[in-house]
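You will see subunit A twice below: alongside subunit B first, and alongside subunit C after that.
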Partner chain A sequence: MSLAVDPSTRPSRRRRLPTGVRAKLFAYALVAPVVLLIIGLVAYPFFFAIYVSFTDQVVGSVGKFIGFANFVYLSKSATFTAAIWNTVIIVLVSDGLKLLIGLGLALLVHQAIPGRGIFRSFLMLPWAMPAFVAFLTWRVLYQPIGGGINLVLTGTGIYPHVVDWLGQRQTAMGSVIAASVWRGFPFWFISILAALQSVPKDLYEAAHIDGANAWRRFWVVTVPGIRQVVIVTTLLSSIWTANGFEHVWLLTAGGPSDATMVFPVLAYFGMQTQRVGEAAAVSVAMLPILAILVIFATSLMMRDED
Partner chain B sequence: MDDKPNSAARGWTRRRVLGTAASSLAIAAAGSFPMPAIAQSKKLTYWGGLIFSDEANKLLTDTINAWGAANGVATEVVMINQNETVQKVSAAVSSNTMPDALDLGLDLLLLLSRQDQFITLDDLYKKIGDAQGGWFEGTDKATDTTKDAGGRTGIPFGVNGNLLLRRKDLLEPAGFTEAPKTWDELVAQAVAVNKSPVSGLGLALSNVGDANVQVNVLQSYGGRIADDAGKKVTIKSAETRTYLTWLKDAWDKGIFPPGNTTWDGAGDNQAYLSGQAAFIANTGSVGIAAKNDDPELYDGSAFSPLPAGPKGTISPITPQTRAITKNSGAQDEAKALLEHLAQPEFMNAYFNVAIYGPVLKSQEKLSAFDGTNPILAGLLNLAKAGTAPAYPDVYNAAWADLSSNFIIPKMCQRVVVDGWDFDKAMDEAQTQGQIIYDKY
Partner chain C sequence: MTTLTATIPLAKSKAGQRLRRRFLIGRLLSYAALVIAVLLVLFPIYWMIITSLKLPREIYRVPSLWPKTFTLDNYEKILSDGQFLIAIRNSLIVSFTVTIISVIISSFAAYSMVRFRYRFRGFVGRLILFAYLTPGSLLFIPLSIIMAQLRLGNSLFGLIMVYLTFSLPLSTWLLQGYFKGVPREVEEQGLIDGLSRIGVLFRIVLPLSAPGIAAVAIFTFTGAWNELLLALVLITSESQRTAPLALNYLITSDVLPWGPLMAGAVISSLPLMILYFVAQRFMVAGLADGSVKG
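Moving on, here comes the complex of A and B:
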């Protein structure tokens, strides 16, 4: 059976957009929710934070525009200067160590050794542990009285005196970095291990046939093969380390005497003073450092692509 | 048959996807609008200050809810960790989602009062005071926001402050039966019982609020943060040098616990509770914890006021207040609630499980302060004789900012951690302090 339609009752055909335009509109419509989310959840807070850093906003007020006054104030603060250097040191040293440890362990478990599956899982434990638990545990280990490290050192006779690891300038930064490296190296390890597994074995065999020794094979085959991954890992890890709050807060709260003060902890202190503009300025002041890092890493990756 | 498929059986077209998404958005948007007032009952949201005592938190919550049930007001009590009050209030002010009433400390009360966030409560303040013998002088002066807000915006409900907590079970065998009267006596007693694993003097010198006790010590030696106008920083002085001499001398005697320069807010608590400190200055929470978890330690402990320096005792009170927000739609109900929460029956029960001292003179007669609880007895003394916040300095925004930046504890760290000489440490504190004061 067919249904007859009276042509006089058929709605007049509306003018339709060309197919290409309709396809584009449809594409935009599909992308729009994501764009709106990014604008709402990333771009707006980001640019609003920058705006707030140029205001004298305190809790409960909108604040007024004061230009660079917050940054001028910060530049006069000894704590701010300490935070700049400490942040740079923590990022450079801890990420350098994470690279060395992650690379070394990845090369090790990339070999066909017995039980390497268990070993790989075991190495991921620090990364899997909540940061809060990890750093509180390190704090307990560093305790002068009853702390695990001092107990081992004094018990074995390696060093007979109790060391206040977190309480003195000479050891505080090193202690924070050690804990940070322990927590963060598994990310490097797993990233580099994945990159190693993607390097074609043929290249090693060819290099071997050409007479390259292990060290030479590492430099001409392994390093180029994992270079891109290392650059991306460096970028991500450096940003995380620079933005990291809990490792310093839980271990030293920036002390002693600003020896471990970093940007995020300083920004937190800014919030405690209820001066939102200043706290935002501390966070914004960190952007140039991160921007340099991002530009450097991106240029390296682009050079590789070229 | 050439039938058109019915709509239910049709597949998802682009138009249907977009149409459904648009409908969903419209429904979600509509859901976010408030329902008509006629459909709502009067609701009162209260942000209570979460303290360490579960009993106190429960008592406050239950009392507010019971009051709401009895008065036909739907109450919602949200207990806010006091360490997070600033962040929560900051977000709430920005998003216009402040509660109807809330507990808050003096700093935040003053700050938000200047921002015109609260209604004035002079009548209620007077009514409660008149009914209960008047307010203690220190509380009365400290919580007067008239200059900033045109009236009183906070109803005080308790004060806290630092007491000296000591291990009498260690000190008495060493010949010290009385609490130290001066900071020098304190050091002498601490030295006498300073034997590993017990450190004599468990005072924090880190970037933490507890370390600001050092400001009180400095002031008791005659040092000042700023001049009487509260404008010009005067940290560098002969009196501050004397104070630093006392500190360095105590440090060199090895009576501070290792790690105290990086302690967090619980550092002194943990040191005392684990038996590693003979003296600490604390609000009394440690005493409560010891009473619950380590009765032997509690029995071996005693509480006393902070010692005096050459210029007297500086033992500031920290009032806690309740306030009603300007945007509240239930201001009358909130006022009635605050009056209810000031009644002696509730406050007596609350004082017994919380760690606050009294604010009203008649509260001295409550059974909570009959002397059987040494912590509450100490807090009663504090309420009656404690000094105003910042005294002898001026309590203003610059003072609060300087305290939050731990300028004095950092000066101490420069001396004991970095080994700076007194002049260099004072110069830095003076400069950094003036930079802060110049902002206001």
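Moving on, here comes the complex of A and C:
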């Protein structure tokens, strides 16, 4: 780059590109690697997945175009229907709970109470744990033999019978949701806590002078102050929960008899049995709903930026 | 809410006493709720650690909250055949490489988008956000086919490539936020002092954003360290397995070895837990800025 150049041979100012253009070229050069890699590793595979979902591709063959046959097949499959419903239930229930728990704990820690820093650190722990470690641990916790939950429930007499939490239809979904809430609420907790800390204090004082009680102050000051963050967090968390694989895969692998089957696990099973076209169709079928969430989230996050 | 109550001068009137009692009850309830929440958070972690230190008979036959004998047998078992250590090593290689590549080329892109005005800037910003939110559950299928075609399947190099799909958008998005905090005047001063554009980036912008870069590096490392689905479809041979993959295959075998499994879980979460406790300040700021996937 910086070769020693004799001043006399240095190109004259006039022959160089104008600084505006040079700055632009420099800017493009800086951004190019990321843009090219994203086009190659995200955009191209994205459209490739959509294309594959319209073929009967299996591993080792290219497959031919078969129109909507994969989607027609899926719509008649009970497992696929179960996967859609379970995904919707997990997103609604677990993200609803994460919001309530995250908001509640953020409000508690936001108070000027001694020890709040320690509470905050402890409450963030599940988020610091790798997801695979968290869900493997919950798998052990739920075991009829060797599991901590049964031990505590029978030991304290809260529920005297040993339950196979992950092994029966009635409890499997609730168990998956509980584990996913445990691992996921800290993200909400920290996001909301940061938003609370950015609400100006004098707004509360003004509301107080105007005679608003605590409940009223919550609705007229706190809620508008954190609304934006809560909306973005809801969208992001819903997208991640809907596409979550680990929680179901490591706890139940979709069982028992599809009681906890979700679409990422179903797509993975499709890949395992080498029916690539069908597997892709499972994911692509969820795309319309996800696209709405993603576009909504993107426009909100871009608006934040400007 | 109690902050306000606390600021009101507490007269020794009846109203004052009532207020004071309400304040104390509020405090007490707050602490009770927080302590219960912390216990619920800690119990699974406690169970993971204690199970990893138990003898098989105390896991299966006479389960207890506090084992009579502590043992490191489980750690010995999972470490002895060497496979798990190889998996940890693979995870370290992949996570470090992904982090270094992402931080470097993402800071270029983020700097370009923050400091320069050009035609496709808005488009690039949108592309990065879309990429960030494009789910892995959709991408894992085409990526495994493409990597197989490129003969990069079943290799750590291939894994590093596909992990860039989530690390690049995340790092670029976060770094943009940090770079915005660097005052333009400082950069202009650098240019006047004879630094080149790239010199400004390396000598001024990057050092001033060091806490942000640390946070981005930790998030990227964590993302790569935790990834399971892409590794499952890409890696087929035992020698290329990462830590999550190695533990995943422990539970798909017929006997479920809870003790060694939890020992492996403890080993693979220790580095991250320590990292988070040390760097919590950066992490919280980073999370608040860019909404980072947990």
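By definition in this document, the second predicted complex is superposed on the first by the 257 of 306 C-alpha atoms of A that agree within 3 Å, B and C clash if a C-alpha of one lies under 4 Å from a C-alpha of the other, contacts with A are read in each partner's own complex, and residues count from 1 in each chain.
Just so it is clear, contacts are C-beta pairs under 8 Å (C-beta built on N, C-alpha and C of every residue); 3 or more make two chains touch, one makes a residue touch a chain.
From a predicted model like this one, the values you see are computed outputs, not experimental measurements.
Colleague: Quick check on the subunit A-based superposition: subunit B and subunit C, clash or fit?
Modeller: By the criteria stated at the top, subunit C and subunit B clash after superposition.
Colleague: By the touch definition at the top of the document, which applies to A:T79: first (subunit B), second (subunit C), both, or neither?
Modeller: A:T79: touches subunit B, not subunit C.
Colleague: Which holds for A:F26: it touches subunit B only (first), subunit C only (second), both, or neither?
Modeller: After superposition on chain A, A:F26 lies in contact with both partners, subunit B and subunit C.
Colleague: For A:V140, is the partner it touches subunit B (first), subunit C (second), both, or none of the two (neither)?
Modeller: second
Colleague: Is A:Q168 touching the first partner subunit B, the second partner subunit C, both, or neither of them?
Modeller: In the superposed model, A:Q168 contacts subunit B only, not subunit C.
Colleague: First (subunit B), second (subunit C), both or neither: which does A:V276 touch?
Modeller: Both: A:V276 reaches subunit B and subunit C.
Colleague: Kindly classify A:S180 by the partners it touches after superposition: subunit B alone (first), subunit C alone (second), both, or neither?
Modeller: A:S180 contacts neither subunit B nor subunit C.
Colleague: Which partner, subunit B or subunit C, touches the larger number of subunit A residues?
Modeller: After superposing on chain A, more of subunit A is contacted by C.
Colleague: Looking at A:D258, would you say it contacts subunit B, subunit C, both, or neither? Reply first, second, both or neither.
Modeller: First partner only.
Colleague: Given the touch rule stated above, what does A:T55 touch, subunit B (first), subunit C (second), both, or neither?
Modeller: In the superposition, A:T55 touches no partner, neither subunit B nor subunit C.
Colleague: So, A:T241: does it touch subunit B (first), subunit C (second), both, or neither?
Modeller: neither
Colleague: Of all the subunit A residues, which ones make contact with subunit B and with subunit C?
Modeller: 26, 33, 143, 145-146, 250, 271, 276
Colleague: What part of subunit A is in contact with subunit C in the complex they form?
Modeller: 23-24, 26-28, 30-31, 33-35, 37-39, 41-46, 48-49, 52, 101, 104-105, 107-109, 111-113, 119, 121-134, 136-141, 143, 145-148, 151-152, 155, 182-184, 186-187, 190-191, 194-195, 204-205, 208, 214, 217-218, 232-233, 236, 239-240, 242-243, 245-246, 249-250, 263-264, 267-268, 271, 276, 279-280, 283-284, 286-287, 290, 294, 297-298, 301-302, 305
Colleague: State the interface residues of subunit A toward subunit B in the complex, per the touch definition above.
Modeller: 1-3, 26, 29, 33, 58-61, 73, 76-79, 143-146, 162, 164, 166-169, 172, 250-259, 269, 271-276
Colleague: What residues of subunit B sit close enough to touch subunit A in their complex?
Modeller: The contact residues of subunit B facing subunit A are 1-4, 14, 18, 21, 86-87, 89-90, 93, 107-108, 111-112, 114-115, 117, 196-197, 206-208, 257-262, 264, 276, 400-401, 404-405, 410, 413-414, 417-418, 428, 432, 435, 439.
Colleague: For the complex, give me every residue of subunit C touching subunit A.
Modeller: Touch list, subunit C to subunit A: 1-4, 6, 27, 30-31, 33-34, 37-38, 40-45, 47-48, 51, 59-60, 63-65, 105-106, 108-109, 111-113, 115-116, 118, 124-131, 133-146, 161-162, 164-165, 168-169, 172, 176, 197-198, 222, 225-226, 228-229, 232-233, 244, 247-248, 251, 258, 261-262, 265, 268-269, 272-273, 275-277, 280, 284, 287-288, 291-294.
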